[in-house]
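One chain, subunit A, links the two complexes that follow: it is found with subunit B in the first and with subunit C in the second.
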Partner chain A sequence: MIAGKKMLTKKQKAGRFLIRWEMLLMYLLIVLNLVLLIMRPDLYLKPGTLASMIQSGLNICPMVLGMSLIMMMGDVDVSCTANMVVCAYATGKLMEGGIPPAIAVPAGLAACIVLGAVNGFLVAYMGMPAVITTIATSLLYRGMVRVALGTNVLRVFPDFYSTVMWEEAAGIPVCMILYLLMAAVFVVILHKSRYGRALYMIGNNATTAEYSGMNVRKIKMITFMIMGFMSGLASIFYIGRLGGGAQSATGNGEEMTVIAITALGGVSAAGGSGGIYGPVIATFIMAVLKYSLSLLGMDDNGRKIFIGIILIVAVIVTSTERGIIDDLKENMRKKRQARYKN
Partner chain B sequence: MKHVLKNRNLGLIVGIVVMLIAAWFLTPQFYGMSTFASMIRNNCVYAFLAVAEMLVIMSGAIDLSGPSVLAFTACATTLLYRNIPGIPMSVLILLAILMGVFCGVLSGLVTFYFDVQPMIATLGTSYIIRGITYFMTGKGQQMLPNYYTEEFKRIATGKILGLYNIIWVTILILILAGIFLNYRQQARRMLAIGSNKESAQVAGINVRLTGLKGYMIAGGICGLAGIMYAANYSMCLYSSAEGFEMTAIATCILGGAAITGGEARISGNILAILLMTIITVFISMLPGLSIWADAIQGIIIIAAVLLNIFMAKSSERNELKERGQRM
Partner chain C sequence: MKKRVLSMLMVMALGAGMLAGCGKSGGNTDNSGKAPGSDNDKNVYAIVDKNTTEWCMKDVHGFTGFCEEVGYSYKDGTVAETSVSAQVQAIDELITEGVAGIAINANGDTGFEQILKKAQEAGIKTCSYDARLAPDQRVTHINQTTNEDAGKYMLRLGVLAALRCEYDENDPDMTATLKKALEEYTGPEIQLGIISAGVDAPVQNAWLVYMEEELAEDMYKGKVNPQMDIKYGNDDVTESGNQASAFLAEDKVDVIICISGAAPQACVSAFEGSDTDIKVTGCGLPSWVVDGMPSADEDYWSKFIPHILLWDLNYMGATAAAVLEAAVEDGFDGSVGSKLTIPAFDRYEERTLEVTECDDGGTEVVIGAPVVFTHENVEEWAKIL
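Let's look at the complex of A and B:
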């Protein structure tokens, strides 16, 4: 047993589990659903509402998983939606040229991995701050698509794009099944593998990680490449939801939503804490919120206020959560000591 | 000669000269007096944002909310002007600055008092401010040119000694920023918390208050930029200047400010603003190249940051070498 760590009773363990951030998110999700159910029971109980709510909220979900890994290291990737557009462009252009989806889709994904590698190279090997790098590359990538595409719209995309986002299998939206499968893979990557441990360590202290024999640069590079791949996958979801149309401005600004969801999910922006479960639950929270707000007549711009507030509150709460509890304990201890003295 | 080569502004000066020579051959219309004046006038607003950004970056934080504050004050002052007839211009300008300061307080509180990562914090505040602007303007209604009278426009487009007011104000801001940076204790403190928070704390500097003040000053400048924007273009929108935070950051880094904080030079910043202005105008004049603007900007930012890193490394090495020789 580790010194200084008291063995917890079963009751205490259960108590700890119930106030974990993931569980708090779960309560929030349930409360939001209940509020929606009570406010508009006719709409909520109608078949298809729940499915369409989930489908409209999951259009950026693969990027959330990738961003969780990136933010775990204390970095951030603002260029993910630009990556996504490049993937959509590559796939759409090849499809337009009559090339079958079996080649076009992997080609798009490969392009995204290359772009992710460029980000990773600049951040890991050149020592550029991740924020600036990805801001610049997002301008660059989207700029390249704008040069290539002009004001045109690509309209030819594989059929399965719309299947993913609009169809249901056994009453469950296809995209939700895919998302949960991907999330399962990421849980294994982050929580069960050496690589995942390394990410936590780099996020906590990159120098220590370096001195304990980790190849920090290589791990960063790989993570950015994974992010690129997930952005490529996101293009399937996003373009599918749009109904198959891509132009250079597609998805502009959604990167902030992705960061907001990940931060809400409890992944600290400073790196080194959090998990995959939180961001997954947060994705569904955002989906419900998006739907409820649009019922109130808010469009994308109006929603920004709420996303901003959620972002700040979530980060404040997750970063000070432990601090607040510790402060309380400290105060109690001081009070007790003062009482003894008297 | 050695002294000249060591000057850290050398790269910027060379860049400006190269761009001017390229413009001489490729776009002769660049040198018409009217283009030059309008070029300077239309890019003054961005000079404000770049200076504000520098004041935040040097204390080790980052401000993504500048353009949102600009849009907010631009729309708010327009609405105030329309709804309160006869409001004096001086009051309006003062209100614009105060609104900017208030937004700065918001960002500063979240960043320094709640210890949120500055990027996430100002991302959040920029969303909130832009969202509020959106609702304030009746769900994104544009402020049309006919809302503005000559009196309002004169704030920016009136002329003193043959130069537009907005240019005078920009020069004033740049001079004030230079004085602040070089001669004020507050600026020293901001640089100190930018280079090392812990040592600054140990040295007795109130890190939180100092950081907050930096955000407040930056917010005030962005607020002034807002009313200047509205008066200069005679229109504004909730999405005005969207995306310019990136250019402002790039300008600061080009100008020699370290993104990690603790280093800033006003001379570098002025030259970087000039260079960015010339590049923007130059690109927009070349036929068929304006579509490349974003991509080129991205490349410039990457190149600037890489150059910055290499310069820092080589100067560190030189310093060590000199120290070795002295021993």
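Let's look at the complex of A and C:
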């Protein structure tokens, strides 16, 4: 197999690269932009349209990065948005009490890491299924905020929250710059560290990973804590998008969008495959798709159906051990071999 | 491989069929026929309602129907998901499209600061209806009735139902009837149950404040428990149905006052076949509750909903469109004392409403007192609302 890889020509390598899932997503992103450019050039070329599209879709982006790691292990965290609301609550409440942002924001993030650790402990050390565990903790965390906040609204948040989601630096949305920086860190973590390699191994076969000497429980625990931290960071983006206001129902249901983007990004729900580039591109695809479908006159329900279809296709392609792209590659290889023999 | 391709094709075919069916239903329809942002366009007015339920679509149909009849261009940006975040996105899209004005029925009382600042910077006029925006975010607010009237009327209807007193149209605010009935009442303290929308629903919370204020009146003391049992159904039929079933199972309340659109409909389903003495009232679409109410030839108390109220949702949507047109074309600024003329359309005659001060420091246009439906008029109103 290794020998076979070495024998690949530059052309073959380029061919393989061009049909990678991430590249297919890039094509889709380009096509979406072209469709909007052709159908509504007046709107597409209007200053600020592209920035608006990007800003509209990045309010949950930090959670996509965290979810990518979780799903790579074959798990899922449904409690991420409830966790996000806890962070918003902690930060907002402290700031209402006159605590400066330099303390309130880290305190909110710390609360999220603790809640992530609770998830991690239940999944990794108690052996509970991640889906059930995080559904339960989602109810628990959001319920706690509901009880504590009641019908009140938190309105005191640091000014930089709104800056993150509404301002631009050199014409580029600030949230996009931050997202790409965070993604770069995650790429390094996933591809250049032992921890990243361990995630792939656990996702492929946790038992084998355990027998090969990995501390699977510890790695799971750390990953859920990272997810908690990213949910906390997401509260900055999400509350910023809403101009600095939080209620107990804030972000309700957005966890499904997070999971959907991650799946669309090529992270297999079964674990063991995927990366960071795919979910990052998928975040932009979802932003452009939702926005542009509206500009093209599709109603909100129609958009949901359309996005649902795209997700089902993505899951069919990526969830099996060898997706359609692999099958295509295999068929191409067989045909080449047959031609060579003839 | 073949199975996967086949399943993908099936999903795509199914989706294509569904998309073809939903393109013109509900939100984001427009009659402008052109790109709203282009210079040659007439002004386009947009509406963003809370969600695409039948209740909210009555507002939207009022808005779009009025626009069509008087010749305005419109766009419907109503969201499918009941959240502030979805509405922020919808407003952002409408700003990009360059609409002239946006009427918003807000899903929450916070979260619109930045997006409406952006709209104002783009020269777009915004107003709110039903659930209001902050004073500096709107030209004015269109209220079906004052929050005080809505809250107090619903509470009084609830107490009337508990006392088995019929609504008397000669005593529209019910105070005289209630005072007399409460004076004569010698039974145990009446316990009221409430099914509201969400814990953070601004309109319902405002009503609850006025309901509590009404309960603090002397005539209720010792007769009605001032502590209402409030449950939240998230303005969802299933969730509200669960809360209605919980009330039935607990059997502690004498009457349930539904203060969200989905709640009375949920009660109709939950109470069907039950022989409970609990009565239901509040606010509800006549077409949704007609099955739970007696018909004109039946006894007033023969079914579990004796009376219920509502306002004209169609007219509220139409008023929102009239406010936007007046703000964009005629310089209407929504200041206290200014007048708004709504042209005649459909079955409505021309009407002039005056802008009044709102209890949040802004201004509002109040359409009028709510309409109370009883067995005598519910079937007629069910054809309209």
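Annotations for the structure displayed:
Everything below uses one rule, namely that the second predicted complex is superposed on the first by the 304 of 342 C-alpha atoms of A that agree within 3 Å, B and C clash if a C-alpha of one lies under 4 Å from a C-alpha of the other, contacts with A are read in each partner's own complex, and residues count from 1 in each chain.
Everything that follows uses one rule, which is that a residue touches a chain if its C-beta (ideal position, glycine included) is under 8 Å from a C-beta of that chain, and two chains touch if they have at least 3 such contacts.
Remember, predicted model here, so these are calculated numbers, not experimental data.
On the superposed subunit A, the two partners subunit B and subunit C do not both fit; they clash. With both complexes placed on chain A, subunit A has more residues touched by C than by the other of subunit B and subunit C. Shared-chain residue A:294: touches subunit C; no touch with subunit B. In the overlay built on the shared chain, the residue A:99 is in contact with neither subunit B nor subunit C.
Once chain A of one complex is fitted onto chain A of the other, the partner contacts of A:140 are limited to subunit B, with no touch recorded for subunit C. Of the two partner chains, neither subunit B nor subunit C is touched by A:35. In the overlay built on the shared chain, the residue A:332 is in contact with neither subunit B nor subunit C. Legend: residue contacts after superposition of the two complexes on their common chain; A:270 is shown touching subunit B, with no touch to subunit C. Contact with subunit C, but none with subunit B, is seen for A:162 once the two complexes are overlaid on the shared chain. Using the contact criterion defined above for the overlaid structures, shared-chain residue A:312 touches subunit B and also reaches subunit C. Touch criterion met: A:254 reaches subunit C, while subunit B stays clear of it.
Residues 146, 150, 299, 301-306, 308-309, 312, 316, 320 of subunit A touch subunit B in one complex and subunit C in the other. Of all residues in subunit B, those touching subunit A in their complex are 62, 110, 114-117, 119-121, 123-128, 130-132, 134-135, 139-140, 238, 246, 249-250, 253, 259-260, 291-299, 301-302, 305-306, 309. Contacts from subunit C toward subunit A in the complex involve residues 1, 4-5, 7-8, 11-12, 14-15, 18-19, 22-30, 35, 37-38, 52, 76-81, 83-86, 88-90, 92-93, 95-98, 108-115, 117-118, 198-200, 205.
Contact residues on subunit A toward subunit B in their complex (touch as defined above): 76, 122, 126-129, 131-133, 135-144, 146-147, 150, 256, 259-260, 263, 269-270, 299, 301-309, 311-312, 315-316, 319-320.
Put simply, subunit A touches subunit C in their complex at residues 40, 42-43, 46, 48-49, 52, 55-56, 59, 146, 150-151, 153, 155, 162, 165-166, 238, 241-254, 290-291, 294-295, 297-306, 308-309, 312-313, 316-317, 320, 324, 327, 331.
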